[in-house]
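Look at the two complexes coming up: chain A is in both, with chain B in one and chain C in the other.
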Partner chain A sequence: MLRRFRLEEPGSISEASELLSRFGENAKVYAGGTELLLAMKEGLVQYERLINVKNLKGVSEVTSADGMIRIGALCTHHELETSALLRDKLPSLHKLEQNVANVRVRQSGTLGGNLCFAEPHADPGTLLIALAAKLVAEKSSGKREIAAEDFFVDAYETSLQADELLTEIRIPVPAPQARSAYLKFGYLERPSVGVALAFKLNGGLSDVKVAVGCAGPAPRRVPEAEALLNGKSREEAARSLVEAGAVAGRASQAISDLHGSQDYKEHIVGVLLKRAFQAAAS
Partner chain B sequence: MARPMTRHDAQLIPISFTLNGRLQELDVEPHELLLDVVRERLGLTGAKRSCDVQVCGACTLLVDGRPVSACTTLAFEVRGRSVLTIEGLAENGKLHPLQEAFIEHGGFQCGFCTPGMILAAKALLDENPAPTEAELKHFMHGNICRCTGYKKIIESIMAAAKKMRVKV
Partner chain C sequence: MQFQKEVEILAPREKVWKFIWDVDRFIACVPGCKDAKTLEEGKKYSATMVEKVGPFKVEFPTNIEVLEREELSHIKAQASGADNKIGSRMKVDLDVHLREQNGKTVLAFVASVDILGKLAALGHGIIKRKADQVLDEFAQAVKKRMEEDA
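For the complex of A and B:
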């Protein structure tokens, strides 16, 4: 059962930011509600006011210009899984979106809400790190870009300031030789482990990005694993995968919980990295 | 810590929406859930509360033709939209082909998940009249049945799809 709260419906991002400044910790931004309402129903969090941003204009389109794909933070997972632009330009993200939770969560849940809630067992953050995405944070006095890898601080904690709202996700249009894949594994409703891999394949591998999520408190980029694959031929890289996977497993900060033991999750990171390589390189 | 709010703080939001084809107007508080409004205030008990965390699909309703979890949808969200519950599926006393197929093929046992199953399946068939079994399983993956083992549900939906394609 939800406790009583008041609803604020600002007409602009700037107004929403002012409401956040005014009400501080007594207010929370509400978009799709797929995570927030669950936590509120459980009584884990309680707010005097929810600030409904769902009807704000200009924050729910997918566009592509000047080598950048821009995703409005209020795009639902369903809008993204049915976006032709995403399917053509970012097939790995398109596929990830097709497999977020279930059809009802995808219908209501927004990409921005998913990132801001920073639930550890979420998919998109991990791949966005590997795709070198930038997240746009906006408040009444201006906006700034945060690299996806700097956005996630801890479980349920991001680098957004109290009066900032996430408005856009910017992803560089991948070069023709760019490859990427995101794979996840779990036996409960939410994934136990998610692994993202991106690289350019031009004879050898360059610009390798490895990110791991779900296993620990927040998705993390793993430069040490990237270094083991960067500059290698496809065959050499394939031989380094076991080592890179072990490194990525240790870097995942996996914790033992209902989703699996630390050892188990670290092992799965390695398995998924190998499969992500096979999927991306083929 | 937020101050607990009482009924004196009640904020009423007037909403109007289409419920099973008929205009419905009422005032809701921001925290009222669509499932409670439909079940408790409007007396339509087809949608069930079960997991309460958007996992099981027993509370599935269609909003503008798409499945949502009524247990985790704030009621004010349906203002200006069209809501379909299982009670609105039959037309003029004639069961929908999906309802007929679930009966013919034994697509339910206890029946608790069935309203959600049928509504989700309707959303699927409306956008994809000839799904493959893989597409069907992907779409229906968030609707859980603890009785049937799913085989008969899949058969029911496939049979309804066939029937609906012939009809059109």
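For the complex of A and C:
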């Protein structure tokens, strides 16, 4: 049962940050609530105060300017799966959003909330790493950008400071020759493994980014797998995929659990990387 | 969940053995362990284990019972506790072995850890990883403390 808590209604990001600063671990930011309220109902976490940021202005739009797509952290997954801008400019993220959890979660869950909760089996973080996204963290005294690959520290842990709020996700508009794909596989409610691949295809492959998520405690970029594909022709890269997949599997820090054994997850990473390459390069 | 750890300590076996029974100093090596009390010298102890995974915190008031003791070489102990706030229980069966090897003392332990209740919602893998981290930190802290004293 949900215990009693006080709902704070800040009028700005700065006010929300001050509340976080004042109440410390007794308060938590409340956006879509799809993860937080479940954990509270289960009694796994208890907060005296929830800081409702749902009504804050200027953090729930998708815009594109100066070569950057900006997604407000309060955009729900449903808003993103129906965004024409995302569909045109970032089809891989658009497709990912169409497949996040289920329709009820997508309706109220926000992208920012998903990233901040850092549930290990979440999808978006993995692709955002491959897309070289920057996450904007804001507090009353200023803001900073955190590279998506530096944002996830561990299971349920991010590099956000206690008084910071995630306000925006910035993704460079992909060049015309840029390709990307995110694939996931699982047989339970949440995925067992997620793999994201991005590269430029201009004769050969360049600027390759590989990221793996869901298998381990947090999504991570795999530069060793990228190095095996970078600078190769499409055919050479296709031949290197087995090795790159094995490297990415080991780097995923896969954990044996109900979603599959470590070996199984590492194997699936390789399979998904191969399929992601085929999907992106075709 | 089964864990096996081994750590080589640059100190004589007698000293390591003595250290294990110095409750205050020993408990300081267990991450998240506080308020250690001796209930019955050499047999029963109590302590509170506090652990954290992201926003999830558990606090287990824990009873520790020494089941077997073989001077300078082996201790078998059992620890159990419950966090009623979260509705979870913990049970640890611990086998500790000491042996001499090339002038060093090898501290080897096998731990069987069971976590039951709502905490399991976090996922077996996450809990296993956390327990593994705690045991690693513990082994390294014992080594550090003993070698600093040497």
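By definition in this document, the second predicted complex is superposed on the first by the 282 of 282 C-alpha atoms of A that agree within 3 Å, B and C clash if a C-alpha of one lies under 4 Å from a C-alpha of the other, contacts with A are read in each partner's own complex, and residues count from 1 in each chain.
Basically, a residue touches a chain if its C-beta (ideal position, glycine included) is under 8 Å from a C-beta of that chain, and two chains touch if they have at least 3 such contacts.
Predicted model only: the values in this text are computed from it and were never measured.
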{"item": "First (chain B), second (chain C), both or neither touched by A:P120", "value": "second"}
{"item": "Touched partner set for A:G43, first chain B, second chain C, both or neither", "value": "second"}
{"item": "Partner chain(s) touched by A:S233 [first = chain B, second = chain C, both, neither]", "value": "neither"}
{"item": "Chain touching more of chain A, residue-wise (chain B, chain C)", "value": "B"}
{"item": "Which superposed partner A:V105 touches (first chain B, second chain C, both, neither)", "value": "first"}
{"item": "Touched partner set for A:S256, first chain B, second chain C, both or neither", "value": "second"}
{"item": "First (chain B), second (chain C), both or neither touched by A:S12", "value": "neither"}
{"item": "Interface residues of chain A shared between complexes with chain B and chain C", "value": "46"}
{"item": "Interface residues, chain C side, partner chain A - complex", "value": "53-57, 85-87, 118-119, 121-126, 128-129"}
{"item": "Contacting residues of chain A [partner chain C, same complex]", "value": "28, 39, 42-46, 118, 120, 154-157, 217, 255-259"}
{"item": "Chain B residues touching chain A - in the complex, by the definition given at the top", "value": "1-7, 9-11, 13, 29-33, 52-55, 57, 60, 66-69, 72-74, 76-77, 120, 123, 138-143"}
{"item": "Chain A to chain B touching residues, read off their complex", "value": "2-7, 25-26, 33-34, 37-38, 41, 46-48, 50, 54, 78, 98, 101-105, 107-108, 189"}
